[in-house]
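Presented sequentially are two complexes of subunit A, the first with subunit B as partner and the second with subunit C.
Presenting the complex of A and B:
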């Protein structure tokens, strides 16, 4: 029994949060009036698993709380109680409360008992207030599953004796202590079942001089006054079964024989029922991982990122892959022994194979980090449900492409920006029902959340059919706030992008949902820090689409290596528009200093890498030699003047900050084929750097 | 993997050492004519000098970064850090890889020194505080002085040594 339970805590919390997610989505999908019993079952199972788990780990607050929820759910499941909107709302509130409790426990903080008590009171009111009759109020006394089992095995009327219980002769073998079992702990558990009296027998204890402290020389006679079943008592001893002689006898003979068997049956059934239930619900639950922990990144981020759940399929593929690599490696080793020139062909083939396997291996390793975007999406139905109720709007949320896989890091970081954007759509985008009807639209507004892959990017779109953005109003507001000059000529796209400017908000009144004018700039910055960008398409009266483009993975990048002096740098391929050989004619100086070049009737600024990076090695290129790499950073085009283009390759991004520090103009480092380090350029950062 | 093993080996040594707290072992190395020492428990490995990849716009004593079994590790020239005269790197030039910080935030960094000389055991009571040279000589990295065989060894504070200043202006 001397197992350190705390090692399982992390798993327990993850499972709990998964369970809560499942409960939440189940509750939201409940259609009042047409109740799908399967959904109720799912919710019930999740609650039951949480109750069981928290009981095991000694989080009694959670267990007790969940027990009340479970009772309520059980009555709904058996059809003894109507599923009403208030009941669902109370349950949703309880899910939040549970999540709060678990988060507190996870962070080893004190549980906020006040809010727990409030929710508990609400639950109990719901439970007692509308419960049918006395027979139902009795239900909470028993744990729900037992009720089910008892039904199947109607217990014989047992006349309860004056003293019901067990007499236990517990005679441990000498070796009991060596197996790490502590009798005291057993007794403590026994006393949890009922009133326990112990009688110690120490006649076998040898004189002190001969006493071996590692041997157990004592035996006990225990008297347990309790209505516990024999199986329940035996279960406590199950760990020491093989290290002791155990005799169990009913205390006083009941008048009607309470056969241990039928009475004992429920307990094992219940025991097995719990894990079965857990695994049954697992696939449903597993798809929606512990997202809630991410909702408060400041507090929980380190914990949330500490583990990851991976499909066994992915692991199997990986193992296969590694096997292939090992085989290829040994084959190459064989060729290498006694190498003769006629084996060159063989060697080349082997190397090609190795390359292929390595690439596959890399791909599968990367795959492990990929999670379906549903981890993020799954919490939005709740958000939309809550906010639309609050705003008295009618809105449905459609999720498309939830199984699109994205890098784990993206999943963690994309959540906050998405929450913000959805809130915006809810608050500003979708109109009030009356307004919608007047505009000839269906009363029910729709927000669509889509995720799909496109060309090495993942695209997340938020589409609403609301009122759209009024460009004239945007522009007027921007001029009023002094963000733009009145005379500026702006394209439609530029006008829409005004909303990303700090301090910009057109909302007439502030609400607690949005409208403070902070946010959109933060959203854009967050997305850019992930290496992505954000686009808006909006049509007045028809709705808006906000599209976020993100790189598939943050760990690998397609790069173009360029030479500057003796140094090699990597330019991310996604930001390169084109590369051209420079000719004298193309160069122009502005005010004798800033250089520009003309590319198809457009004047673009030039950044000389040699100057901005202080490269002194190698032959200084003349002003009219070299290659200009045209890149896009911060929405503007710009030319990097480098000495030479070297080649394109996939590079693994390594952090420069792990051991070193942030360097301006550099986003990371990578290791080249020859083992040397090359820096990866931060294109937007460089553009900024050159402006200064 | 190997890196982890090394770190755990260092920790193992630390445990053994903590039982005899009176003497501390230092790795001593030479810069010009001066001898310095660093706590040996902070030394991860000693490597020969190999060319680094320069990092733009950082102080000159930060020579650049190298690939140390997959980790990007910065290399600092101690001579330049202490504003001593520069020398050409020779085959004897070594890089002492030091680790700093604790828990999850350990960082590793290489320092270039002329050569490593010895492992010295120092009785804690023998360590003298670093004298205050006023503004003339910076002694911020020096933990104390100790005399070994009539030679003076300056004991360096690794944590302070490896704290890089926030972005200095590049000295051109």
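Presenting the complex of A and C:
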């Protein structure tokens, strides 16, 4: 039977990446010296599964590689090998290497054999270099590719005259049946090899009264006429080897003497092979080892987006909801069939029910897209481990609230900004151990990564107990760069926010950890494009806290609908500060700077929606009749002049780019209750637009 | 057709085994570890158990040992799928009551051929 194995590949890859993550976090949590055997077991199991699967699905490169890891881990598991930091590092490197291999295979690219060979050599060095179990463990490397149980090995040369075959004395022990084996099936197998004659010996069967039907009291004399080898015959009995006495004798003497049967894979050959590999590529390893650590996880990140794993509970809830909706629908259908006015009350109740169910259903569906933030957080222990080693700093990372759920899209997009912020904390925030001790702080720095829900938002905080930001230095730098004027009086908060300005960087020298050409301005822009914002609190000498607020979902937004002529627009509720009915006195025309509007003591620029979107329809309102919606975008306040406020509602965001094309000042569209389309305003975009 | 319980914590392997067996016409149920399997095996009696060895919660050997205690599974064939081709695991499995074993990696044909040794 031919079965298309490629249909299992996707599941296999997902499983592998999950396994690798488990291995990675397990390895990172291994406390050298105090080994938790359950952790080692988990790591071992992951390697073991990857090996088994990759062998089965034909990815022999991966299978061979994981085999070595497995051997190493097996020795650790059994306590035959010490868990050392170098060993853990090598294993971590192997995780990266495997991830790279699997990604290449998944994308149907060639596996980078060079880097694989380096990692493999490092692994083998680790395996063979340390005392204890060096030689014999290397042997199974070549045993990994297909070990066939059922097939015979026709390598013996047996030439016979007369009748060819075997005389088999098969005497099962009483217990043979207890393992589910059945002599009848064995005989059926045997008869597949040739012509079988059985001769039953029942002399040991006790009298009926004493007979235990679960015991095997019979033995057999078998004659098999076949050209099968002894190994092939014994193979059939391999499962019951311990449960019977088995004697094999050839029916006729062969003329040529049989070659002695090699037991299994010939060990000596392999023993010489492994060290050769190790010595050849060992010097290269030291030089290039560090290279492929960082780039790979991000490479396979977008791949993960193609499918989503959902808790079955969520699906069950969803199915329940759908059931409710169907019931309500049929109830309404019944009312509608013979409608009379006295059924209005019933109808109203039904509609109210429908509304409730629809809302619940919507929530359940949204819930499916919710993933725990641990999907993002889980890679940071590794990042912190690697970078702190590189920087010779001592840092622990605490994760809080990993199970906080957030929309899948947010999970995918928040990763890069977070990486940047954590790198910053590692590089600039936490001081060198000596410096910390001198400042009276514990040698070990702490970075805390927290996530929690607040209102309709998720808040992610990065808290470090490092040196904090020097406001005087920040200000001086900004003045030097010409970003602010010397005379400007700024609040502490405003000074801290200077780091978000394009072209601002306080690091004296750019290191390869943080200074990657992406500034904090990009981080802020990315977060704002997700509909979020970012705040900093920092105290010199004590540490910094960076808080990111993000909407829970990107698919639905709380919006304020506003009327401009006959058109309806949606302003995201998060960016609205307040809305004011305007009077003539509040509007000022400033030459060259457009219109402004005096809100209490501040002058705000005005954007006329009617003009910016060129709306001609409806009654042209005079500028003094209407509503100013005060919004915040790009850190600045601004007033949108609209005709009327309509109402607040949750709107489902439809992508304009996917359905039409990108339009400046508009972030998307939605469909209103009456079927018409309303555009959702991109507040920061409009503010930018108005400045021009 | 014979009913088979396929137990493996690795989804891809389990799916492969289950799909192969289903295609061959067997009635297959899947379980993701020993605990899950034991529960399913109690709910109905299978004609054969095919289980991975290394699994979280309850491994294949413990599963076989537990199943053999149940009267309805006294003589049901139980196969272990293992990558540990060492005799040690096999013997441990035999002592627990395993009928036989298959060494991974194997292909669908080998799986079916092996099953014929204990079914039908």
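What we mean here is this: the second predicted complex is superposed on the first by the 515 of 692 C-alpha atoms of A that agree within 3 Å, B and C clash if a C-alpha of one lies under 4 Å from a C-alpha of the other, contacts with A are read in each partner's own complex, and residues count from 1 in each chain.
The rule is simple: a residue touches a chain if its C-beta (ideal position, glycine included) is under 8 Å from a C-beta of that chain, and two chains touch if they have at least 3 such contacts.
Predicted model, so just to flag it, every value in this text is computed and none were measured.
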Which superposed partner A:239 touches (first subunit B, second subunit C, both, neither): second
Touched partner set for A:580, first subunit B, second subunit C, both or neither: neither
Which superposed partner A:179 touches (first subunit B, second subunit C, both, neither): second
First (subunit B), second (subunit C), both or neither touched by A:479: neither
Partner chain(s) touched by A:61 [first = subunit B, second = subunit C, both, neither]: neither
Subunit B versus subunit C as contact partner of A:501, first or second or both or neither: neither
Broader residue contact with subunit A after superposition on the shared chain, subunit B or subunit C: C
Partner chain in contact with A:15 - subunit B first, subunit C second, else both or neither: second
Which of subunit B and subunit C A:53 touches, first, second, both or neither: second
For the subunit B and subunit A complex, residues of the former touching the latter: 51-58, 64-67, 70-74, 107-109, 164, 167, 170, 172
Complex interface listing, subunit C residues touching subunit A: 9-13, 15-16, 19-20, 23-24, 52, 54-56, 68, 74-78, 81, 83, 85, 91, 94, 97-110, 112-114, 117-118
Interfacial residue positions of subunit A with respect to subunit B in the complex: 567-568, 612-615, 654-656, 658-661, 663-666, 669, 671, 675-679
Residues of subunit A touching subunit C in the complex: 1, 3, 5, 7-9, 11-12, 14-15, 42, 44-45, 48-49, 51-53, 55-57, 63, 70, 143, 145-151, 177-182, 185, 189, 214, 238-239, 242-243
